[in-house]
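Below: one structure, written as structure tokens.
Just so it is clear, A, B, C and D label the chains in written order, and each chain counts residues from 1 on its own.
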Amino acid sequence: MNDSADELRMLADSVVQFARNDDTLTRTRALHKGGAAFSRETWSTLADAGWLGILVPEDSGGLGLGLREMAVVAEELGRARIPEPVVAVAGFTASVLSACDRKAAASELLSELASGATIAAVAWQEDPTDLDPATTHCRATHEGNAIVLNGSKCLVLPAEADVFLVSSETDEGVALYSVPSDAPGLALERRQQVDGSWVADLRLDNVSVSADQMLASPGQGLPALERGLARAALLAGAELTGLAHRLLGMTNDYLATRKQFGQPLSSFQALRHRAVDLYIQHELMQASLRHAFRTLRPDSPLALEQRLAARVKARTSDAAMRIGRESVQLHGAIGFTEEADVGIHLKRIMALSAWLGNAAWQRRRHFELSRNTQQEVA
Amino acid sequence: MKDWNALPDDQFRVDIRAFLEANYPEHLRYPSRRMRWHEVKEWYLLRAEQGWTAPGWPKEYGGVGLSPTKQLIYIEELERWGVARAPDQGVIMVGHLLIKYGTDAQKKEFLPKILSWEHIWCQGYSEPNAGSDLASLRTQAVEDGDDYVVNGQKTWTTLAQDATHMFLLARTDQQAKKQAGISFLLVDLDTPGVTIRPIRNIAGHEEFCEVFLEDVRVPKRNLVGAPNEGWTMAKALLGFERLFLGSPKLAQNALGRLRTLAEARGLFSDQGFVDQFARLELDVADLGEAYESFADQVRAGQPLGADISWLKVWGTETFDRIAALAVQSAESYGALAGPQRYGDTDVDALVLYFDALPATIYGGTNEIQRNILSKQVLQLP
Amino acid sequence: MNDSADELRMLADSVVQFARNDDTLTRTRALHKGGAAFSRETWSTLADAGWLGILVPEDSGGLGLGLREMAVVAEELGRARIPEPVVAVAGFTASVLSACDRKAAASELLSELASGATIAAVAWQEDPTDLDPATTHCRATHEGNAIVLNGSKCLVLPAEADVFLVSSETDEGVALYSVPSDAPGLALERRQQVDGSWVADLRLDNVSVSADQMLASPGQGLPALERGLARAALLAGAELTGLAHRLLGMTNDYLATRKQFGQPLSSFQALRHRAVDLYIQHELMQASLRHAFRTLRPDSPLALEQRLAARVKARTSDAAMRIGRESVQLHGAIGFTEEADVGIHLKRIMALSAWLGNAAWQRRRHFELSRNTQQEVA
Amino acid sequence: MKDWNALPDDQFRVDIRAFLEANYPEHLRYPSRRMRWHEVKEWYLLRAEQGWTAPGWPKEYGGVGLSPTKQLIYIEELERWGVARAPDQGVIMVGHLLIKYGTDAQKKEFLPKILSWEHIWCQGYSEPNAGSDLASLRTQAVEDGDDYVVNGQKTWTTLAQDATHMFLLARTDQQAKKQAGISFLLVDLDTPGVTIRPIRNIAGHEEFCEVFLEDVRVPKRNLVGAPNEGWTMAKALLGFERLFLGSPKLAQNALGRLRTLAEARGLFSDQGFVDQFARLELDVADLGEAYESFADQVRAGQPLGADISWLKVWGTETFDRIAALAVQSAESYGALAGPQRYGDTDVDALVLYFDALPATIYGGTNEIQRNILSKQVLQLP
């Protein structure tokens, strides 16, 4: 256990070291000014550090580590507020791929993902207000040797992906196919998110794929997506926890140094107490994450992972939004400027909180999953 | 020119409403951010020609001379129709300041150009490191011959980039403590030494500026009132404008957009949403009633007391809660920038959220308002 | 308007004068110790002052004034925290009686009510979790010349009533009958409320009434009850506003005088700000009441009265509960003792908040009533 | 006697649980108020005979000598089974105080009688007008021959009416400031000059007392430790008991009762209720996890830091929110005193509410806890 704790600390330290050299916020502002969400160059650096391959098996060129290690990296990357979609790609996509049954195809894509050569995104959602991956109207039909995909997807993150994992209904259930972004018949519309990232709405019009582009065979796509969604929610929770922690630090520094009426702001009890309430919110985020990783085993059943993921995502989304909102208030007018670092963190929190189900949605989901479990037990 | 004050109040409202509905440009209604001068100029210059720049000024100075009751009606109708504000500090502040404290020469020089919008004014109160605390004002004005030489920095100056002039508070007596020793100066922003730098806000708009003042020479004839009496005058200027910091319009408008979003998404069949909405609806309703009650005071010609502060606290925090529920109800859309299509209308939940953020800060943070209430209204020692 | 304002002020002053002579809290504590909810002697005093007859027409021996006058008295009685069920009897029962169509019978009871000779209570509810007066399983059937009532009622306030207005289903709709508390076949079980008052559960077992005990004829009972329920909710809101105001005064006095670390408690900003938040809650209570009385006319339709009543009861119940809860906290340990005045006020607030629909229930009701109106208008 | 410490932790838990389930009187489970001594005496005297009065004391003094881990398990099992607390200040406080600072004579005199419950102790810290502020302690102890003469008043003394002795803090050096100059004295409550007056609380129960001390003579041999060192010793006594101020049990138990009420009333088909319940369920869950994490520190033999205060704040305020929702969900029942029938069980929503009221006050108000957190954990100046 101590060995493992040391390893996790070393992993975290390596991200801190990276962030220290990166000057992320300046870089992010410059990128956004040019309309770019993130940098491919930095992406390669992240790959070289091995972080994109944490969840990728060693025989596919990854580190073959677990969710906990990935969460430590996500939390530290959150604290640094890097703009790269690490959780979406190395968390969500990699988890879906690892759960796919067509091992050869999945493994190849995983190894490209770990090396940073290919950015792959999961195209599963079709209606922004429906988060059930079973709601799939996109159809895959056989035409001779080829499979032809027709339908649409929305909010695919990142829009800049080279390859999309497209879920499609077949007569035997949902399957997953890898579709390159330049595939004939694929139309892509980009929409910008509040944090400067881009998501894509896809339209698939007779997109033809071959059998070896099938990643999950019919009926196997849904469990792979469910697994990936749960893990992505957990990892988003870790990133949110890092973001919130950074904001707390900034806010407390501000309160301690900024003077009003000749005294530091933090000498005003009403502000001190609010700082304490935000601190408590962050402790709760940590508690929910800690609980998840105390409970999870590599062979934990999907239902348990889903319940823990809902709990973590609910808590971290809610607490981070509160910490973000209050940090702006506690910074006063300066907190409302674009140049203040508080805003750039808040916007990232807004995007991550909404991603894959916001706090209110996740609380309902957690309640339902818990009730089901209770009723099974009883 | 029509004698507006002679109209019964109800008729006045009807006429104003009809005029706005017929004439105000549709594309400028309910702007989602503060408009720049070039965007609203055409409308306001037209109104100026009709003698309607300054509804509240006495007729002798070129105003419409409306009674307080009619001024409220006027403003309510502007808010109701979603009319964009001009950079109107000249009308709202400088005019009243000069009419009350100005020399004849100052009145003659400045008032007509406010009415014609030849001069656009901005306010120079806030400074960096002063926050809500005017007592720590640092900008200095030192006498030198016929001029004051001004050095310092102002910030959070609304639309200074569109202004030609600034009225500012500067310290003229370095020995005096706190609010004493502060004077009121009128500054032409073309004077050498003035630098204006817009500040982009979190939503990407440039509503505020920083204004740097480096050896700026201001003729002594531009001092308003007696030296070292600036703070007293600034306080006296706070008239019934304070009422509008607690206007229910922002919250009402936000609730309306949330309703649109909810109808389109079918959320009114979701009891969990309904419970939250029903609470907010009552929060807004009681805000509206409280506003009316303060407005009654204004209509009766009574001064507003310190208790008006609670209206600002409640109004802005209600707005904030509505915005938070809108973002939550937008679900996945809650991360997307720009308006999203709901049924047959667009709602931008994020604009609500970003608009609500500064509302609890400007016009004196809600913390300052609570300090005022606990001291002056509850009289807690 | 000024005349009316002066009259209202005089009415309020007369209650203040009464309360000053009464030493209500000592009296209430002594009553409760003996298991009594209130004093019949004080009840007579209240009748002599005319307050029990405010809503009673002049030709029935009352003052023939309006709801607004009754609200002023209720608010002041709330501020004095008198234990007598004035709103229940002179508000609720009197309003139901005034809306009854059998004028002779109703008028007689109204005049006894105004004189204080008879305490009458409305027995309408049958299930504590159902606040719809249309849910009436109690049956009235003809047997010869007599009418026979069978069924049960619950939470009738006050349990000490001499006469009950019993709602009963007939073939032509709900009717109301006056039933003396000693009527053969009527069994009464008392239950104590948190504020020391008693409510009664009634069981009617072949209770025989004559035709002249009919107060509202079949089909007329429901509108009379609806009218009474709306007015009672409004008046309860006024009493809650008075109670909350008294608590605020006590709490602010305590904060201003009690010292900790050598300073008055009110010098601690976190406590000052909380005092301000409670002050705002009370202003909102006043706003909702003011709105109701600005809007209501003697001939206002029932639907409008109901909507305004829901709004007032929702706001005042919610705000008073908050003010009560926080007042205990701001008083510290002393606030938790029975001898502290804060508790006796909080308990009355708890009882009144729950009475005829708590804040959550009233908010839902207001929402439904508003939606109906909006849909009618649209 | 069984060597409990030799058992594996899991087995220890199983054995304790089995013992409680088999032996603890059913009617004393989950009392809705603090039990008086005569109500729980039989059970505790039985346990005393079995040598189980003081699980945490070293064996050499007659305790069970459990490891910190096993003590936690023991307390968790007591809480799980809803075992009523005795007036246990002798065990929890006086014993540890004397073992650490007492003279041999004091140990010999007092420890055995604590173990046998011949002496029942109460704590004399709080005073009127001191609130959460021990620095303003006023009770005086003046030397007179072989005695101290004590004058003053203590309050919020839990179950003093059942106690035979009180350990109290009194000022022995009038010149010293704040926490200095305070000493620890052991007082027999039969001494002339002691008056005990129970305080009824808001729920009508007598859990606390006022204790008046008028020229009470306390022999100097009853001074614990050095004179004027009382405050230091009192602080050192705050061991891992602080963990239990943040115990999730109150909130978990309240949530369980709310669940019962909701099942009986069919509220789980009401999305508005479910949304609130689902939030509270997670609030309690994360409280439980945080508690475990602090318990890990205790199990590892590490001292608790100031950050333990957040657990108390969150735990008690979560309890408070649950109680408020229970009262709301009880609808008309929310005004009725005593347990109400829901389906086939009774729930007393008001008891939850009244229990939650003092939780945010005792053990240092939540405001004091926030002061501590902002200063010692966030280190805000």
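Please note the rule applied: contacts are C-beta pairs under 8 Å (C-beta built on N, C-alpha and C of every residue); 3 or more make two chains touch, one makes a residue touch a chain.
Note that the structure is a prediction, hence the values are computed from the model and not measured.
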Chain pair, C-D or B-C, that carries the greater number of C-beta contacts: C-D
Furthest chain, CA centroid comparison against chain D: B
CA centroid of chain C to CA centroid of chain D, Å: 41
Chain A-chain C separation of Cα centroids, rounded to whole Å: 54
Separation of chain B from chain C, taking each centre as the mean of its C-alpha atoms, in whole Å: 44
Interface hub residues of chain C, defined as touching at least two other chains: 268-270, 272-273, 360, 364
Residues within chain D bordering two or more other chains: 272, 274-275, 367, 370
Chain B to chain A touching residues, read off their complex: 126, 129, 131-133, 135-136, 155-156, 199-202, 204, 208, 265, 272, 320, 324, 327-328, 330-338, 350, 353, 357-358, 360-362, 365, 367, 370
Residues of chain A that touch chain D when the two form their complex: 252, 255-256, 264, 266-267, 269, 272-273, 275-277, 279-280, 283-284, 287-288, 290-291, 294, 311, 314-315, 360, 363-364, 366-367, 370-371
Residue ranges of chain D touching chain B (in the complex, touch as defined): 270-272, 274-275
Touch list for chain B against partner chain C, complex: 268, 274-275, 277-279, 281-282, 285-287, 289-290, 293, 307, 310, 313-314, 367, 370-371, 373-374, 377-378, 380-381
Complex contacts: residues of chain C adjacent to chain A: 268-270, 272-273
